[in-house]
Structures are given as C-alpha cells and as structure tokens.
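Dropping a structure here in structure tokens format, bear with me for questions.
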Amino acid sequence: MSTLPVGATFVLGIATYSAGACASLASWRRPAIARYICCGAALAGAALEGLAAVLGILQGTPIRWSVPSGIPLFAYSFSYDALAGFFNLTLAILAIAVSIYSFGYLKEFEGRRNIGFFGFLFHLLLLSLTIVFTAANAFLFLIGWEVGALAAYGLVAFYHEQRESRQAGLLYIVMAHADVGCLLLGFALLIQGSGSAEFASFHAAAAQLSSGRQSAAFVLFFLGFAIKAGVIPFHIWLPAAHPVAPSNISALLSGIVIKTGIYGMTRIFLDSLGGVPSWAGLAVLIVGVVSAVLGVLYALMEHDLKRLLAYHSIENIGIILMGLGAALIFRVAGHPLLAGVALIAAMFHTLNHAIFKCLLFLGAGAVLHSTGTRNMEEMGGLIRPMPVTAFCFLIGAVAISGLPPLNGFVSEWLTYQSLLAGFGAVGGLTRILFPLAGSMLALTGALAAACFVKAFAITFLALPRGAESRNAHEAPRTMLIGMGWLTLACAALGLGVTWFLPVFDAITEQLLGQRVVAHLVTGHGLVLSAGMRTSGTVSTAGIALGLLVLVLPAALLVATGVRRFGRKRGPVWDCGLPGLSAENEYTATAFSKALRMIFSVLYKPRREIQAVFDVSPYFPKEIHFESEIDSMFEKRLYAPLQEFIVRFSSRMRTIQAGSIHAYLAYIFVTLVLLLLFGVRK
Amino acid sequence: MPFVPNPELGNRIITLMAALVLVLQIAAVGQRWIVSSIRIFAVQSFLLGAIAAVIAYFNHASHIYIAALLTVFLKAGLLPRLLERLVERVGIRREIEPLINVPLSILIAGGLTLLGYVVAESFHHPEETSARAALGHNTLAVAIALFLIGFFAMVNRRKALTQVLGLLSLENGLFLAAISLTYGMPLVVEIGIFFDVLVAVMVLGILVFRIGETFDSMDVSKLRKLRE
Amino acid sequence: MTEVLINSVLQLVLLLLVAPLLSGMIKTLKARLQTRRGPGVLQSYRDIFKLLRKGMVIPETASWIFSAAPYMVFGTATLVGLMIPMTTTRAPLSLFGGVLAVVYLLALGRFFLALGGLDTGSSFGGLGSSREMTISAIAEPAMMLAIFTVALGANSTNLSEMAKIAVTQSWRFLAPSQMLAFAALFIVLIAETGRIPVDNPATHLELTMIHEAMVLEYSGPYLALIEWGASIKQLVLMTLLVNTFFPFGLSSDWSAQAVGVGLVFYLAKLLLLACLIVLVETSNAKLRLFRVPELLMVAFILGALALISTFLF
Amino acid sequence: MILLWLLIVPLAAGPLAFFLRRRRMMEVVNLAAFAILLGLAVVLVAQVLRSGSVSLWDGFFYADALSALVVLLSAFVSLVCSIYAVGYFRHEERTGALQEAEEVGGRLGIDKLREYYALIPLLVFAMVLVALANNLGILWVAVEGTTLASVFLVMFYGRETSLEAAWKYAIIGGVGLSMALFGTILTYYSAYGALGTDALAGLNWSVLAGNAAQFDKPTMRLAFILILLGYGTKAGIAPMHTWKPEAYSEAPIPGAAMLATGVLNCALYALVRFYILSSKCLGPQFGSRLLILFGLLSMGVAVPFILVQKNFRRLLAYSSIDHSGIMVLALGFGGPLGILGMLLHMTFHSVTKPLLFFCAGNVQQHLNTDLFRKAKGGLIHSMPLTGAAFLMVTIAVTGSPPFSFFQSEFTILRAGFSGGYSVLAFFFISFLVLIFSGFLVHIANLVLGEDPNLPRAGMCGWKKYSVAGLAVVIVVMGFWIPAPLFRLIQGAVGIVVGG
C-alpha cells in the first residue's frame, strides 16, 4: 500500500485547519458566517485527519517525510507511525464531536462574543495538536506544543471580562511555559548527544548517555510532561483552567490536550529515550497512584460540576500513568509481553478517558447552556426537561466509573491484570507495590462511582433546587448529536473491544517489538484474556448479553404483577414526613459529608454555622451553614513559593534606588574586582 | 651645536612630571573649593601637555606635538575657562561635604594608586629592557591610578560640576596612557577624541546649567525621583 | 455450549432458591441465639412472594432511573452468581469474567441503587445512598487486596481457575496468608452485606440505617426484586468466601453424584459461615458510622499482611 | 563609494531638517532620508554578499558581513521609528505635550520637533559610522557620538525627571566610554609590539584581526576587561545597566526605541569586534567566562524587576537589559552555534522591540500614564489593534514559539550545551520562564478585562500602519527568514568564529 493516501489526507486535513483558522478570523465581523466556517471547517478537517489516522493504522508501516521550512535552521519533518495514528484518531473522534456540538453551542455567542477569533484559536488548537502528534523533530514538536498552549490560553481566558478566567488563563500559561522550559532542557540534552533535532537520531544518542545524564533527561521530560498532563502535585492549573473555558473547549482540554503529556511520555520514554533508568517506571507508577487517589478525593468535594470533572481528569491521568509505569518497569525487567499489555492498558484508557470525559464536559456544557450555572446545588430534576442529555451523561458517568460493560471498565481491567502480572514478573520487595497499587486503583474506582452518583443524581434527579433548573430546556439538536456520537463510541469500545484491540498491535510492535493482541483475545474473538501469566478473562459483550437475558424474566415478573395489582404514582413517603420540597433534599455537600469526615486529615475542612433564633437555640429560625476544604497544595506549596518570589523581588528593588553615586559605585567596584582578577596570571 | 636628545633623560623628566600629575590628582580629592579644583585640573592638564611635548621631542614623534598643543589649548585653557564661567553663572563656589570624609578619601586614593602599580606590574616584561618598556611600566601605573582616582572622585563628590571634573581628570589618565605607552594614538583618532571630549563637556555643561536652574542646587545626590 | 446453558440454568435456579433460604436461616439462627422464636426459615420466601403480589407506588418525583434500579440490582446479582463456582469448580459463565468482573458488576448494581435512592428526592434516600457509596468505597481496597492474595496464588483472576487450584491443595487455608486474607474478606463481607456492626438489616430507625434507607421508597415487585437481589448478593459473597478458602467437596466433573456431594458440602459450608456471621452479629453492637472506616482499615491491613506473608512463608 | 553615501545621507538630513520651518517638511526629510538609507543598506548587503568585504580610502572605512548586518538593522530601525514618530509627535502636539516641553513658552512646539528631527539623523549617522569605521579609535568616537546625540533625546521633555535621567545617562555613559577608550588604548599597546606604530593602520581592525595572535597577552587581558565594562555599560549589561530604566522611560517613544535597538546593536557590535581579537589572542576561554558571567547576571537582575514592576515603560527597559544579557551570554557560549544564536537574536530583537515600544507609546498616549495601577485594563476593547499587538509582541519578545525569538534562544541553548555549560543553561531557561511569566501577567492584566469608562481611542494612520505592518513582519519572520539575510548572518558568524 503506497504512502500517498495517508500523507495526502493528512496534509489536506492540516490545510483545512489552517484555512479554517484564517477564514474564521477574516469573517469575524459576520458572526453567523464565522460560526458556520468555524464549525464546518473543523468538522471537515477532523474528518480528514480521522481518515488519515485510520489509513495510517491500517497501513502499519511508519511514514516519514520532511518539508523544508522557511527557517534555514530547521526542517519540518513529520513521522506518521502507529502511535501518531492512534493519537490522531483519538483527536479526530473528539474533534468531530466537538465541532458538531459547537454548531449549536456557539449560537449564543452571536452578537456577544467574537466568534471569528474563537474559531481562529479553535483551529489553531486542533492544528497544533495534530502537529504535536506527528512531529518527528524536536523543534517542530516544541512549536506545536507551545502554539497549542497559547491557543489554549486564549480559549481559557476567552471570557476575559471575568477576573476568574483571566487569572486561570495566566496560571495555565505560566505552568505551560514552565513545562516548555523543562522540555527545552531535556531536548537540548538529547540533541547535544545526537547532534540533530530529529527524533529518529535520539535513540542512538540516548544509548551513549551517562547514567547520570540519562536520569537527568528522564526527570526533565517527566516534569515537563507531568505538568502538561496535570499530574499531582503539578495539577493546580487544571481545575482552575478547564472549568472557566467555554464548555466545548473544556471538553477538548480535558479530553485530548492533557493527553499530549501522555503522548510525550510514551514517545520519549519508550521510543526516543531508549532505556530509562530502572527506578523511572516505579516513580511513574507511584506518581500515578497518588494522582489517581488524590484526584478523585478532591473531585468528591466539588459541587461545581465542571471543576468536579476537571479533578476527574487528574484521577484518570493517574490511572493511565499506572499502566505506563508498569510498562516501563516490565520493559526494563525484560518482559516485552507484559510491557505490551500494560502499554495497551494505558493507551486504551487514554482513548476511553478522552471519549467519556469529552462526553461528560459536553453534557455539563449543555446543562450550563440551559441553566446558566455550574453550581450543582442549584440544579436538580434536569432529567425531565433534558432527557437526552441526561441519558448521555449517565452513560458517560457509568463509563468513567469503570463499570461494566462499558469501555472504562475494560481499560481498568487491563490495568489490574498488568499490575497483578507485575507481582509475578518483578523480583524483590518492590513487587508488593503492584497489588497495593491495584487496591488503590480499586479505591479510586469506587470513589469515582460515588462521585458520579453524586454528580448525576444531584444534577439530573429529584426536584429542581433553583429557578434556572426549574425552567431549563433541552439542548439544540446539533449539541445532542455531538454527545450521542461519543455515547455510541463509549458503548462500542466497551462491547466491541476485542475487535478494536488490533489497533494497538502496531504500537506495541513499534515501541516494544512485540505483538500482543493475539494473546489478549480468546473465545472466538469474543472474550478478552489477560494473556500470559495470569489467565483472567472477561467478556463485556457476554456480560451485556447476560444482563439482558437475566433482566427480561424479572421484567416479565414485575409486569405481570403490575398488570394484576396495579401501580400508581403517589407522593414520596419519606418516613411519613409530609410536603417534600427542594429545601430538604439531599445536597451535593451533604452527600460527600461522610467522606469529608473520613478523609478530614487530607481536607482539613472548615465549617461555620450561625443560627438565628429568638426564643431558644433549639428552635432556630434560620441557619447559615458554610463549609470549605483547603486545597493542601495551593496553601502549602504554591502560595509560599509565590510569596517568596514576590518578597525577594521587592527586596531586590532597592538596587535601583535612584542614587547615581550608588550606580557609579557598582561600576567602580566591578572595575576594581575585575582588575584584580585580570592581573593574576 | 645641537642638543643631543637623550631618551634616559627624557624618561626621568617624564616620570617626574607623571608623579607630579598624580600628586595633583590626590590633592584634588581633598579639595573643597570648586574653583580651585578646576585650577588644579588646569595645571594637571598643562603638565600632561608638557609630557606630551617632551615625548615628542625625545622620540621625534612629531605628530604628538599636535596632541600636546591641543591638550594645552583645550584642557588647560578652554575647558577650565568654560567651567569657571559656569560656576559664576550658577553661583555655587563651595563643594559640600563629600560622601566619604576627606582623610578617608585620601587614604582610599592612596590605595587606588597602589592598585595602579599592582596592575601595571602585571605587564612588566623584565626580558624587554628597552627605555620604552620601563617608561610604559611607570607611566601606565600613574595613568591607571589617575583613572581610578578620578572615578573615585565621581563616586564620592556630590556636586554635578565636580563629577564632571572627575570625569575630565579620569580622561587625563587615558591621555597619559595613550602618549606614554604608544607615543600617541593615530592622529585622526586623537583629533576625534579631543572633539568628543569637547562636545561631551559642552553637553555636560548644559546639563549642569539646566540642573542648576531647575533644582536650584547642584547636589546630584538629590536627584532621586526616578527609582523603583 | 449447550452444557454451559444447562449448567447456567441449574445454577440460576439454585441461586434463586438458596439465597432467600440463607437469609431466612440467618434470621432464625440469630433469633434463636437471642432466645427469641423469630420468624421461620422460609420467611424470606413469603416476604418476596407477598411483595410480588402487591401493587406498587411510584413517587411522583421519581424518574425512570427509579424503576431501572431494581432490575440492575437483580440482574447484576444473578449474573455474578453465574460467574462463581458453587457446587463444582466450574462456574458456568466463568469465561465471561473473573473476580474483578464480580466486584465491578456488584458495584454497577450499587451504582444504580444509589441513584434510585436519590431519585425520589427524599432525604432518607440521599442519606442511604451517601453512606452506602462511602462504605463500599472504603471497603473496596481491602476486598481487592484479599482477593489478589488468592488470585496471585492461583495465577488467575477467574474463579473457576482459582477453585481448581484450591482443590488441588485443599489444606492451603492453614497458610497464614490465607487466614489473614479470609479474615479481611470476612470483614468486607460484613460491610458489603450490611450486617452488624456496620449496618443493621433489621432496623428502620431512620438515622442509623443505610441499605434500608436507600430502598425506603420502593414497594411491591420492585422491592421484591431488590430484596431478592440483595440476598443473592449475600449468597454470592459468602460462596466466594467458602469456595475459595475451603474448597472441600468441589469436584471438577459433571457426574450427578459429584454434583450432589458438592451440593451437600456447599450447603454445610454455607451454614457454618452463616453461624459465624450470626455469632459476630449477636456479640457486637452496631458501630457509629465514623467508626466503620477504622474497622475496614483493619481489614485493609490484614489484606496487606496477607499479601506480604505470601512470600515470607 | 556606497559606504560614503551611507554616511552622507543621514549627515545631510540632520542639518537640512534643522533649517526647515514646517513640520510636514521635516517629517518628509526624515522619512525620505531613512528610506534611502535602507535602500543603500540593502545595496551594501548585496555587495558584501557578492564580494566578502567592501572598503574605502585604503581601508579607513571597511564593511564586512558583520558591519553590513548592523547597518541594515540600524537603517531598518530608524525608518520604522521615524514612521511611527510622525504619528506620535502629531499626537503629542495635539495634547500640548511639546509646548510644555519647550523652555521658553514655545511656538507650537515646532522647536522641539526640529530638535528631534535634526538630532535623530545625527544619531543614525553615528550608528552607521560605528559599523563602517575600520579604525577601532574611530569606532569609539562614533559610539561616544551616539551617546552625545541621545542625551538630548533623554532630556527631550525637559521635566525634572528627564533632566535627572539625562544626567545619569550622560555621566554613567561617560565613565563607561572612557573605560572603553582605555581598553582601546591598551589594545593598541598590546598590538604595538607586533605591529610597531605605523601611523594609521595601527588601530585598523582588518589589520589587527590578522595578527592578533602575537599580541601581548597580559595587556590584551586587561584591555578586554576594560572594553567589556566600557561597551557593556553602553549595552546596559548588569551591573552597568542602571541608566537604562531612567533613560528609556524619559525619552520620547520613537527615540527610546532607537536607543533600545540601534544603539544597543552598536555597543554589542563593538564588543564583538574586540571579542574576536581577544579570543584570537588569549583563546576563547578568557573572554567567554567573563561574558557568560555578565550575561547571566544581567538576565538575573532583570528578573525581579520584571516580576514586580509598576511602570510599563520601565518594564520595557528591563526587558532590553534581559535581551542584551541573552546576547552577551550567547557570545560567551561561543562556537558557531552561540554566535549564530547571538546574531539571530540581534536581528529579531531589532525587528521586534520597536513594536513593543510603539504599543507602550500608544497605550501611554491613550491613558496619559505609564503606571500599571492607574490602568484598569480592558485595552483590547478601547484600542483593539494596539491591545492585540501588545499581547502578541509580549509573547514574541519573551521568546515563545512560533515567534522568531524562540529560534535564536533554542540555538543559544544548544550552544550552551555543546559548550558544556549545561548547568548554566538551566539558569538561562529558568530566567526566561520567570521573565515570560512576569511580563505576560503584567501585560495581560493591562490588555484584557474591561474598563467601561475608558473611551475608544482614535488612531491616526501613521501609528496604526507602523504597528500593523511591524506586527505582520514579526509574524512572517517566525516562519520565514529571507535566504540572503541568513547568508549574511552566516557570513558574520564566519567572521567571528574563523576570522
């Protein structure tokens, strides 16, 4: 199969994005047209890129080509291999959903916001992501990386009239720049070894690095990518930035932008950097565990719907890192097969999380769009006015909680299996860490389930808690289509996993020289098996079927019962308490109370209750209750740092105190010192 | 019968004058009256001119005569006149207390002279025993000392005018170095430099004048509006 | 294929029949131990039957989620029941999923039940769901650790495999690791099935109840499904315990008498475990909600110890 | 011959403007002169590219790739600035700032304009002379000339503060330049032994460069130290940088832009010339150490002042300190990469910095303040073009892709690593990150947000088009460097590295 079709469609897609960017910028005076250009071009570009990705994956063999750039120093060289194809596929799936969704979503911008500029940034983001995934040269990679960050900054700060957005945007871009700094140093290290900025040349160069420099390179890259991925403790920008962006953008940010960090780690650690130090994998694993558990714990305390979702991104990145860390460990320990399974677990979870997190953010966007609030405490009962959104959100919630038979379950299952296998594969006491990590993964999953029970129930079920949600309306059709597409994807990837898995074969072969999927699929291609050492099996299709078969008779039973003995709607019994009203419903805060108490060590919750009464404190007329948790990292880590920098700088300012004599004295002293330095032979 | 120029003798004379110049410089550090420090500067410049002439005479470097003349004309004649006029215009005659008190300043000046010799030491080439080398070694020390002390004066003095004087005496150091080390720079350069010095002094003069009339004090340590 | 079908049907029947019996048995035993007459062993059957023949009231505030929950609870419980070996080492649907699937399917049921509890807007439902999710969440890691200990021994997460291995070395439960794991898993069982000291299945005292609060608004056939599902879940967990740790009488062939022997052994083991539960329930008072985590932490530590001791001894 | 024209044009334009009565005429003269100058510069570049070097009057004037580059940049900067100046000063005139500036209650500020339009060509003349002078002494004279010409720019507005600034500028500059002169003399002395004192050529760079190897080493060492301090003062390297914030915040915007780009280039050019001599004589080690030290110091000093800054014009000054630090650092890293990085950086800096100043100028003229705290933000609404450009150029100037500074800084980083200074490279990067953060935070808060009671600014075409045009150039340069320009730069690199 010739390389032409892939390259052609890929370039065409890129061209479409670029054209879209310019066109929507050009049409910023005509909102309606700008809207159509923005979404239409994005849809077209995404479709093309998706096609390119599919072709590329089918083709298998990596394609490299290099375009001379206008800058004599560097050439733009791309490489379209399995990994790039996979991430581009993920991007395309999301981009399609988001651009369809945006048709409806952007309508409300008309006349109020500059859709043209929005479209420009939107396309720029998509373009840069595509480039990041396909760049085969550090320079191009960094350009794509930073341009993406800048575009994302523009989009995060898009509602820049609100202080919140401005601050969040700045926090985001500053952290992003810090990670670029790390990457620059890392790449410089490799380039110095190889003498060229091409990724292809790194592999050989990294082999010659001294162990110290190798560790340094690993640390630098890990820092850089970890910041981008929002791994704890570098996460603080994430829950700040993702919620304030327009929801369709939040979906992309949480869905794919943070995954560039994962892509980078995979690309550099498994491909370019050749061998990583033996402790590296362990570090990644542990960081992953911490991120997963803390991420979900913080998510539980949120009652801002979008912030809650943002924290879940941190959690899922943690889960992905568990798989990746395991893969690194196995690779160093010389178990390519296990490494393959672990890598597949990580990659598959990346894809899955991208899909359902995007779906959930779009759902949240729809809710925000119709109620105008992000505060769950004011929502409720939305399942009646917006049934479709509610259904999509529910599917997303089940998927992200890792419950069978949807896709989230499969990737978590694979992660479990590879962790368990690790116990047998690695010697020494470190092996204990694998099952422990597994149990932490279990904790994470269960907490996530709890969190999404809260998120879904408080948002969509029971009685409306605020006027906005009382007169909410279903989202426009295009938005629903966008969500529906992802809902389908969740179900398809869950039930049809065994048909999808072969996609990963090329990746594992390229990165680990090992095809794995053959070991993973048994039972007439319907059953997923953990392959080698631990022979666990699972079949999501089977589970779904079984559930269906078992529920049907029960349904019949109930139906007959209902036909004979009737069923009627009545008021809530509520232990006989009359007149249920929204005020005495369970709230999000109340729901998470138990966990807040249990993990109070971590949260350090503060609460403040003021009761207003006239006769006796036991019969208060009104009670004002407020409770907040302090976010450890901001208070203990970042605030002091910033404090220090500012204070130091202010102290430095006395240097420039305006006295010319002081200024001359600086020069004089320097001169004398240098003269002394100069005379000593 | 013609007088036979003898380099040895020349060097003696030059070294002597250089020493004198240095003494004047140190004296200027202790000086309180603006006018008299201007005069000191004038004498110093005159001596430099003389040194230049001597070098020119003993080494048949005729183009240095021009430098000598220029020096005497500009630095010993024109500039001091201008400055004194300025002093009258602004009407401030006495230097206020410098940042570092006089005895200490003089001590520091001595230290700087020492530094000058240390530095000059580093290019002494025992193997090369020509007259020029020896001369260079001595006068360079003086030149560096002049430079440093002039600089120190700028750091130390508060009046705008005395800072200008410091700058000028510092340039005298350069001139000494130039003529004694290399028997002068190429002529074009010399002229360019003199021209620049002239313009510089004018510019500074204008500034001093403006400052004098805007702030009705020439204490530049009071200029501290612009700061962080 | 057909064999799997028949097998499943048989096991399904067994599940549906034994589960209520077991909970009834526990109730009776408990009453006897507290020197009450208590209900008959068959009481649970009667309850379910009665509920099935009642009309039901759906709260006005409830949405379709409310009605979906009972099916999910029942469905997941029964499906899980088909994934674990009961009388023989071969679980009919073992291929469809191992112990991980079991845990996560139960979680799926719980997920929907909790939603159902919140759907009505009644604050008791919310209270119940909140507590249920919390406790199950902190029970999870201990459970997993304990299970891993066994799974790692058997090199498989599939229950049939685990059972097969267990059969080959039936005295393995004397190994400290197994003991510890059993202890951990037993505590988790208590928590998951909502028994004293974690929850009191008998109480309807509003502020202490968990599971009961969640299902407060259900009535008629729905309630029947939920109760039935709950008892099946309980049966499943207990089976898990007895068959993975004490694989006596499990045979790997299908001959009638093998199955029969297996059945007898199985019921005996269940009875013993039931007695143990009853002992614990009667000899303890219900813990405050915020003491429960400590209990489960103990379970977690036991699990960790079990894990470590797997390659110390 | 071309060299002569390059000098004559600005030299003629100055006095001509001085004798003109009407504002429009002065503007025309300036614009025309600088347009021609740019043309001539391009021609010069072409000639240099064709035949390695151009010289006149048996090498009294001498232009190789390095000088051609500097001339080109100076010409470009002066043209751009004079275009902007038209709009800027018309606005000043309208608001009466010029009239105030005149000492004796002036005639519509026309004298001030004359002062500006007459002085700028002289400044440019000095800048060109710096690049074209072969004789290091003349080079010094020319640099001094730039100082003298620009002192008047600094005291342009005649406020107390501008006098203060001018004084500091003049005095510190004077001291610095006398150090440079001393350095030059010592260089001459150290060459003396090798070359003897043949009158003129003795200080000609083209001659010195040839046999720098035989120079007297200790003298050269001392000379380089003095040169570094001297021209370093002019380039505003810490700790000699202190005059910059004062001078830049007092001079009229176009003049300040000239100082920050053209004059800075001249100082660095001189530094490079001597660096070549010293590295030939003493080996690269000695010079590099010092340069790296001062480069990092300058960046480091700039950081805190950028992080906490009250005044956006001073902010620009510190940014220029940071950039001269970067260039000196690159020179210190040395090697083909380092020099390439430095010259690229110089080029990009000369193209980008003016826009930064123009935006600041527009903002200042619109808000009548240069203090952050008096600005409530929301400029993007009241002056969209300037606001957007300001944000863009901020991102560009702090060296983030796709803008061109990223290329030079990436190259410099590589140079640092291949020079074996990995640890220092770490500092380099962290300073860059900090500066980016500080800068962007300040400017974003200035530009974004909304300030309802801020009127929409009307801008005259001159201001508008100079800003827009320069913005376009910057964006294009991020993706495309004209091949001849790059050849020129590489030629210059060859001169510095291989000589």
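The chains carry the letters A, B, C and D, assigned in the order they are written, with residues numbered from 1 in each.
Throughout what follows, a residue touches a chain if its C-beta (ideal position, glycine included) is under 8 Å from a C-beta of that chain, and two chains touch if they have at least 3 such contacts.
Keep in mind that what you see is a predicted model, and the values were worked out from it rather than measured.
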| item | value |
| --- | --- |
| Chains contacting each of chain A and chain C, listed by label | none |
| Nearest-to-centre chain - CA centroid comparison | A |
| Contact pairs, highest-scoring chain pair | A-C |
| Chain centre separation (chain B, chain C; CA means) in Å | 101 |
| Interchain centroid distance [CA atoms averaged], chain B/chain D, Å | 31 |
| Inter-chain centre distance, chain A versus chain B - centres from mean C-alpha coordinates, in Å | 71 |
| Inter-chain centre distance, chain A versus chain D - centres from mean C-alpha coordinates, in Å | 45 |
| Chain A: positions in contact with at least two other chains | 653, 655-656, 660, 664, 667, 671, 675, 678-679, 681 |
| Residues of chain D engaged with two or more neighbouring chains | 167-168, 171, 175, 218, 222, 245, 305 |
| Multi-chain contact sites of chain B, meaning residues that touch two or more partners | 119, 122, 151, 154, 220, 223-226, 228 |
| Footprint of chain B on chain A - complex, ascending | 653-661, 664-665, 667-668, 671-672, 675-676, 678-679, 681 |
| Touch list for chain B against partner chain D, complex | 63, 119, 122-123, 136, 147, 151, 154, 160, 163, 167, 170-171, 173-174, 177-178, 181-183, 185-189, 192-193, 195-196, 199-200, 203-204, 207, 210-211, 214-215, 220, 223-226, 228 |
| Sites on chain A touched by chain D in the complex | 69-74, 139, 142-143, 146-147, 150, 157, 160-161, 163, 166, 169-170, 173-174, 177-178, 180-181, 184-185, 188-189, 191-192, 645-646, 648-650, 652-653, 655-656, 660, 662-664, 666-667, 670-671, 674-675, 677-679, 681 |
| Residues of chain C touching chain A in the complex | 12, 52-61, 63-65, 70-72, 74-76, 78-79, 82, 93-98, 100-101, 103-105, 107-108, 110-111, 114-115, 118-127, 129-131, 133-134, 136-145, 148-149, 151-152, 155-158, 161, 206, 216-217, 220-222, 225, 289-290, 293, 300, 303-304, 307-308, 311 |
| Residues of chain A touching chain C in the complex | 380-381, 383-384, 394, 398, 401-404, 409, 413, 416-417, 420, 423-424, 431-432, 435-436, 438-443, 445-447, 449-450, 452-454, 456-458, 460-463, 523, 527, 530, 533-539, 542-543, 546-547, 550-551, 554-555, 557-558, 561-562, 564-575, 580, 582, 584-586, 590-595, 597-598 |
